[in-house]
Amino acid sequence: MHKDLIAKLADTESLKTIWNRQKEGFAMPSISKLTEIVELSRAILFPGYFGDAGVNHLNLPYHIGINIEHLSELLIKQIEAVLNLTNENNSTENKQKAKEITFHFLNEFPLLREILATDVIAAYNGDPAAKSYGEVIFCYPAIRAIINYRIAHTLFKLNVPLIPRIITEMAHSETGIDIHPGATIGRYFTIDHGTGVVIGETAIIGEHVQLYQGVTLGSRSFPLDENGNPIKGQLRHPIIEDNVIVYSNASILGRVTIGKGSIIGGNIWIEHDVPAGSIITQKTQAKK
Amino acid sequence: MHKDLIAKLADTESLKTIWNRQKEGFAMPSISKLTEIVELSRAILFPGYFGDAGVNHLNLPYHIGINIEHLSELLIKQIEAVLNLTNENNSTENKQKAKEITFHFLNEFPLLREILATDVIAAYNGDPAAKSYGEVIFCYPAIRAIINYRIAHTLFKLNVPLIPRIITEMAHSETGIDIHPGATIGRYFTIDHGTGVVIGETAIIGEHVQLYQGVTLGSRSFPLDENGNPIKGQLRHPIIEDNVIVYSNASILGRVTIGKGSIIGGNIWIEHDVPAGSIITQKTQAKK
Amino acid sequence: MHKDLIAKLADTESLKTIWNRQKEGFAMPSISKLTEIVELSRAILFPGYFGDAGVNHLNLPYHIGINIEHLSELLIKQIEAVLNLTNENNSTENKQKAKEITFHFLNEFPLLREILATDVIAAYNGDPAAKSYGEVIFCYPAIRAIINYRIAHTLFKLNVPLIPRIITEMAHSETGIDIHPGATIGRYFTIDHGTGVVIGETAIIGEHVQLYQGVTLGSRSFPLDENGNPIKGQLRHPIIEDNVIVYSNASILGRVTIGKGSIIGGNIWIEHDVPAGSIITQKTQAKK
Amino acid sequence: MHKDLIAKLADTESLKTIWNRQKEGFAMPSISKLTEIVELSRAILFPGYFGDAGVNHLNLPYHIGINIEHLSELLIKQIEAVLNLTNENNSTENKQKAKEITFHFLNEFPLLREILATDVIAAYNGDPAAKSYGEVIFCYPAIRAIINYRIAHTLFKLNVPLIPRIITEMAHSETGIDIHPGATIGRYFTIDHGTGVVIGETAIIGEHVQLYQGVTLGSRSFPLDENGNPIKGQLRHPIIEDNVIVYSNASILGRVTIGKGSIIGGNIWIEHDVPAGSIITQKTQAKK
Amino acid sequence: MHKDLIAKLADTESLKTIWNRQKEGFAMPSISKLTEIVELSRAILFPGYFGDAGVNHLNLPYHIGINIEHLSELLIKQIEAVLNLTNENNSTENKQKAKEITFHFLNEFPLLREILATDVIAAYNGDPAAKSYGEVIFCYPAIRAIINYRIAHTLFKLNVPLIPRIITEMAHSETGIDIHPGATIGRYFTIDHGTGVVIGETAIIGEHVQLYQGVTLGSRSFPLDENGNPIKGQLRHPIIEDNVIVYSNASILGRVTIGKGSIIGGNIWIEHDVPAGSIITQKTQAKK
Amino acid sequence: MHKDLIAKLADTESLKTIWNRQKEGFAMPSISKLTEIVELSRAILFPGYFGDAGVNHLNLPYHIGINIEHLSELLIKQIEAVLNLTNENNSTENKQKAKEITFHFLNEFPLLREILATDVIAAYNGDPAAKSYGEVIFCYPAIRAIINYRIAHTLFKLNVPLIPRIITEMAHSETGIDIHPGATIGRYFTIDHGTGVVIGETAIIGEHVQLYQGVTLGSRSFPLDENGNPIKGQLRHPIIEDNVIVYSNASILGRVTIGKGSIIGGNIWIEHDVPAGSIITQKTQAKK
């Protein structure tokens, strides 16, 4: 019926830009498995809020045990897959490496839970509408985005390719908050409402920082290479020091530093350093 | 394999910040059941557009009957669960209360359908690209966000904890429109495109109001209590009177009033009252 | 139990605004089938990245064959449904028309793949954080939004009602990027981060154009008809010429032209023509 | 990889025995839809026992309404499919005929419920282990087999091809009871245990008949046609008159009549008429 | 469309035989939950063969813990449901009773596993085609039927109504083996092939007994009450002593005793006591 | 809650009979994958009757291609799993062997389709109630049982452990027909009704043989080894020569030969050779 069309679309010539034939045998990571990995991580970090609702202090060990084991098994396979896809080692070496990475990753969970608890406290304290820690964990999109970021960042530091970005993009799609897994973010971090927030790869954020919806911590312009393409890997995103608040839709661009305790007003566009304790706001113009 | 790790993560000490042991026996509401509740509500309010596609005027009574009954059953259980989680009554009292709330809630549906029809008309009239009411109901994210808001607001007024917020966050995730269930919004309300819109807990919006994407109706700054935390429950969001248009990415903050018939231009930042009939816009600066 | 309530909600009088009784017998298109249609299209256009992960150059013809056939079958039915819903032809004529449209649509796929490959290259070149084409296709929300737009636009040009808009709204919900299927967009198009981007129905975008999150290419104000409602079908969105960059949260409104090679800074609000090669940015005001 | 093999298996020559090319465009009926049809029929006939457990006398009309409507819609399509597959009418005629058959079928449901209630009473009275009618309806495989048979027989009498047999084979697989849809069976019919029971196409069974597991009401030998194949459509199975009991593993073969009130013992092999009131049993031989 | 028909089928008068209006508020047990209960029981009793395949001696405690807890929760609800349906206690008493029964039931699991291991050994020893214990547990229908029976019998002895019968009927449908939950069966029990086996409510089977397909341990005839209906609760099925073998399709009927070590040949019909050590077989008659 | 119980059930001592600790790391084959394997095989062998209903002669190559490829992938993994579980080779050798076996297996498919077509013809010719080849393939349980047997037998001859038995047990559960995968069965084989049929491991069946429900081709008694257990691997089941008919519930036991063209009557018990052309039937005894 569609014989010619099928032949055209099955012609690998038409795929040469986007296919890497050397790596043809290796599959992309599985989105559904990574979704499961995120859900298991959430269930381990915040038992009772995510995952099985019937957790109590008596059966907690069994739930944690099963979830850790299941998570470990799934993650090893996914990391192995991306290593095979992106490096030159043989598959036995990659399997071994995947096991080691997973082991290190899981051992960060007690610390991750501790840090995430500070984010919950920050969200609760920063929002007069919040009624309880439980509501914050259970309902606030920022918490989901930050959990995904902290998981992804842990994998990013362990040099796992591709997967960290997929995990933060899952949160991006779910919450409209786009945090690059490479960013460095301190404790007691919170984002109010969150839709449209962008935090770039090399951004550094201190402790007790609060962002509002639409805030961009982006790059300004990139040095180009000889072909006119941006040079990869430059430090090009802002440093936000402790106790800074950035209101909605403000943009802070380039490797600038916003000093401790500053307040950046909404809709502001900043491309330069700001000293500690500054308050920067926009003036409105009324016509007629 | 992970024996020590599991023991650490199962140590309830590490959960003391986020767990409320008094309420340990009681489960969080079920996200999947609440999703079903929203889908049933949409199917009852807009039969043929949501839910079973084969509805016609002859079989409508059977569809409405089954859906109302199913919705009632699911909602009683979810309300009972959140009451057990958040108040001190015994579970028999809470079950009784859950039944009464559900009864009152369902009886608002004829009115909800009537009000939502005005929102559909407003969306159709406000968008030159809209081809029919059906397209608006079926495709426009704003309609989904407003349905969820109007359902959630009805439950909010009946003092249901937690659930209203979960329902508006579902729409937030689906559409990027974040309306707090506590906000008060009049008839013929519409939002164009919608991503990034934020409407705060104590905002009051009149009739025939139209918002564009990225608009914030937020709070400015909060009076702090003796511990430096925001005082909860203050009136801190704007009042938007009838027939106001607010263009994209404008922010209106604090308990200010935007007078009848005003037009607020895009990217504008407003923290003061605006008299009726005002037109407020931004001037652009061209460099080079 | 709810006898009176059910009777009230089943009273078709209460639905008269939103129901079109002439068309009662015809069902709305199926969201789940259209979701499948989008997934099949993605799998055909980018085999190995979307759809079955095990594709290789040997089995590609079988995968393409099955997917084309399945897509064809599903799409004919959905187009037939919307034609029955929106025009006056009899159902035999509509079935025939649906087959023809689907045939033409599928024959655009080789070209669509070619164009989408240029978008992938643009995204890779435009983002210093991008590691490979594969990562871009697999992880970047902009690619998903652009695929959906290019599919929907093809159907839009074939005069398919309703479905193009549903397909772009799916991407809107998934990515926060809202591109009207009527917009015209050239090759090498990319959007960074993307949340909050709006591109209107009559916008025209050249080649090598790059947008950032929160950019609006919208309309300014509409000529009203005698009833005070906007006149439908006017050319009311901007023309963006080749090689233009528009930074985050900028708004360009009305039928204005942004000349070749211009750079529009973030948060800028533009309602007038901009000559080729312009650089337009905002000044920041620092208080204290 | 498997290129030659695929070519061989895709060679339609190898399918010429089993494919009917004239009818190639028409699909076989859908097993999953027919399964749904049986479940809906059971739910309509025995509400509360099959289908939604929450049925009560107040909401019963809504449940029956939805289920009848859904059943009607599904069945019309399946009957249409088998008519297209097996007769020479055009598809408009077959659609019309499918609607008429479905209408007649549904109107038999009040009578079917009445008859099936007599079968429940018979099963309860015939089994000292039965505790209540509810247990019989809910647990006894014979009831499921008899429901499927009575539904299938109703369709068989309306000259629906293929579907009746599929429906009785579903019960055969579920219960081990194989009743041909062409058989004629009176009220108060019951089968104890049931595995291995076979009732042939032209068997006639009176009222108040009870069978045990492994009973065959079969044919003896078939007159052959000139090619040595059995002649189709002969009356070749037994007539069992009222109030007969047939014990386990007995076989009654050929167009013989078992007279009123007879008792046929287990493991008996009968190929001749038996007068009313007979008691026929086997003698055991003990060796050593 | 089907208004009259729906009214007729929704007339509760037509349901009076089969509905018990006193108990209308109470739902039948859930087949899908009971299926889950059986699967969890199998996974606890034979970890690694049923349920999660990845069980090993290190993670076994977590798997057992989760499964026991989940099973306990599900079973309490199902037992509570059947108690409400069948007795006159109030629902608080029934909930308490359901908890106690479940507690006793679970505490039988160590013993059940021990006994079932003897059945596995017997099946392995009794079948020359069996290659390993694992194959027997994993593939042999008899093992599934016996697991269900031993679970159901444990609940039967705890006076749980309805559920035991549902559980053995599940195995009946799956394997064609119909064992009444009231039967008493000793260790090292095995059934070869199994289809068509029937074991009645009051049967007593010793240790090391082996049955073949089609064997009936049934009742002969029932004393009738004054209404001509069978009297319930009589001892009416055989006693099979230790080390007996019964070959295929043999029927042993009534409260007779088959003495230790006897061998009953295939197709034999027995209605009297058989002394220990007997060998009973059928003679074949050859015609022509 | 159940701490002691869990400890008892997690004590591997209680599992020592049934667990093989040497092989603990290796999982049992996956029932759900094997189910998929059977469904794919049926779809390849009888396209249009099993699997996707929309197959026609134009798209057949794509369907066969995808299904062969998918089947190959699934089967290699399952065979690898059972080899790891049952032999001493390292996993690389087993993977290689699994690939070879799968390759040989798939290359039998053209022949399997050819043979199965003869079985369909035999079933159609042997049953006066059969209306078409399509009805036979689509509805007759015997065809499903024979497909599974022929697939399983092919794997059995390739020395695949465990899987062949699982595949025939699936058909046993679905149809009540229990054919050991080791049996040898010629062309034009058919079984009428089928429930209760048993065909043993070493049985040999010629061409044009027809069996009825409840027929056993079993073993008589086994030579015991020094421990009193049956010796495995003996030739212990009958040889049925060409053109034999065996009627319902007949049992033929031991390594006896039923000569060409014989007819064995129902309920007959045979433990000796029968010369060609014999007709063997049972005499009925009438009491009173």
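Order of writing sets the labels: A, B, C, D, E and F. Residues in every chain begin at 1.
Here is the rule we use: contacts are C-beta pairs under 8 Å (C-beta built on N, C-alpha and C of every residue); 3 or more make two chains touch, one makes a residue touch a chain.
As the structure is a prediction and not an experimental result, all values here were calculated from the model.
Chemist: How would the chain C/chain F interface be labelled, same or different, where same requires over half of its residue numbers to be shared?
Modeler: Counting which numbers both chains contribute, over half are shared, so the two copies meet through the same residues.
Chemist: Where centres are the averaged C-alpha coordinates, which chain has the largest centre distance to chain C?
Modeler: E
Chemist: Using the average of all C-alpha atoms in each chain as its centre, how far is it in Å between chain A and chain F?
Modeler: Centre separation, chain A to chain F: 52 Å.
Chemist: As a quick test, compute the distance in whole Å between the mean CA positions of chain C and chain E.
Modeler: Chain C and chain E have C-alpha centres separated by 59 Å.
Chemist: Find every residue in chain B that makes contact with two or more other chains and list them.
Modeler: As it turns out, chain B has residues touching two or more other chains at 1, 6, 54, 59, 61-62, 65, 69, 176, 195-196, 214, 249, 267, 281-282.
Chemist: Can you check the complex and tell me which residues of chain E touch chain D?
Modeler: My answer: residues 1-2, 5-10, 12, 14-15, 17-21, 24-25, 27-28, 30, 85-86, 161-162, 165-166, 169, 172-173, 176, 178, 180, 182, 195-196, 198, 200-201, 214, 216, 218-219, 222, 229-234, 236, 249, 251, 253, 267-271, 274, 278-283.
Chemist: Report the residues of chain E in contact with chain F in the complex, numbered from low to high.
Modeler: Against chain F, chain E makes touches at 44, 46-49, 53-54, 56-57, 60-61, 64-65, 68-69, 72, 106-107, 109-110, 113-114, 117, 120-121, 125-135, 137-141, 174-176, 193, 195-196, 212-214, 248-249, 265-267, 281-282, 284-288.
Chemist: Can you check the complex and tell me which residues of chain B touch chain D?
Modeler: Going through chain B, the ones touching chain D are 54, 59, 61-63, 65-66, 69, 73.
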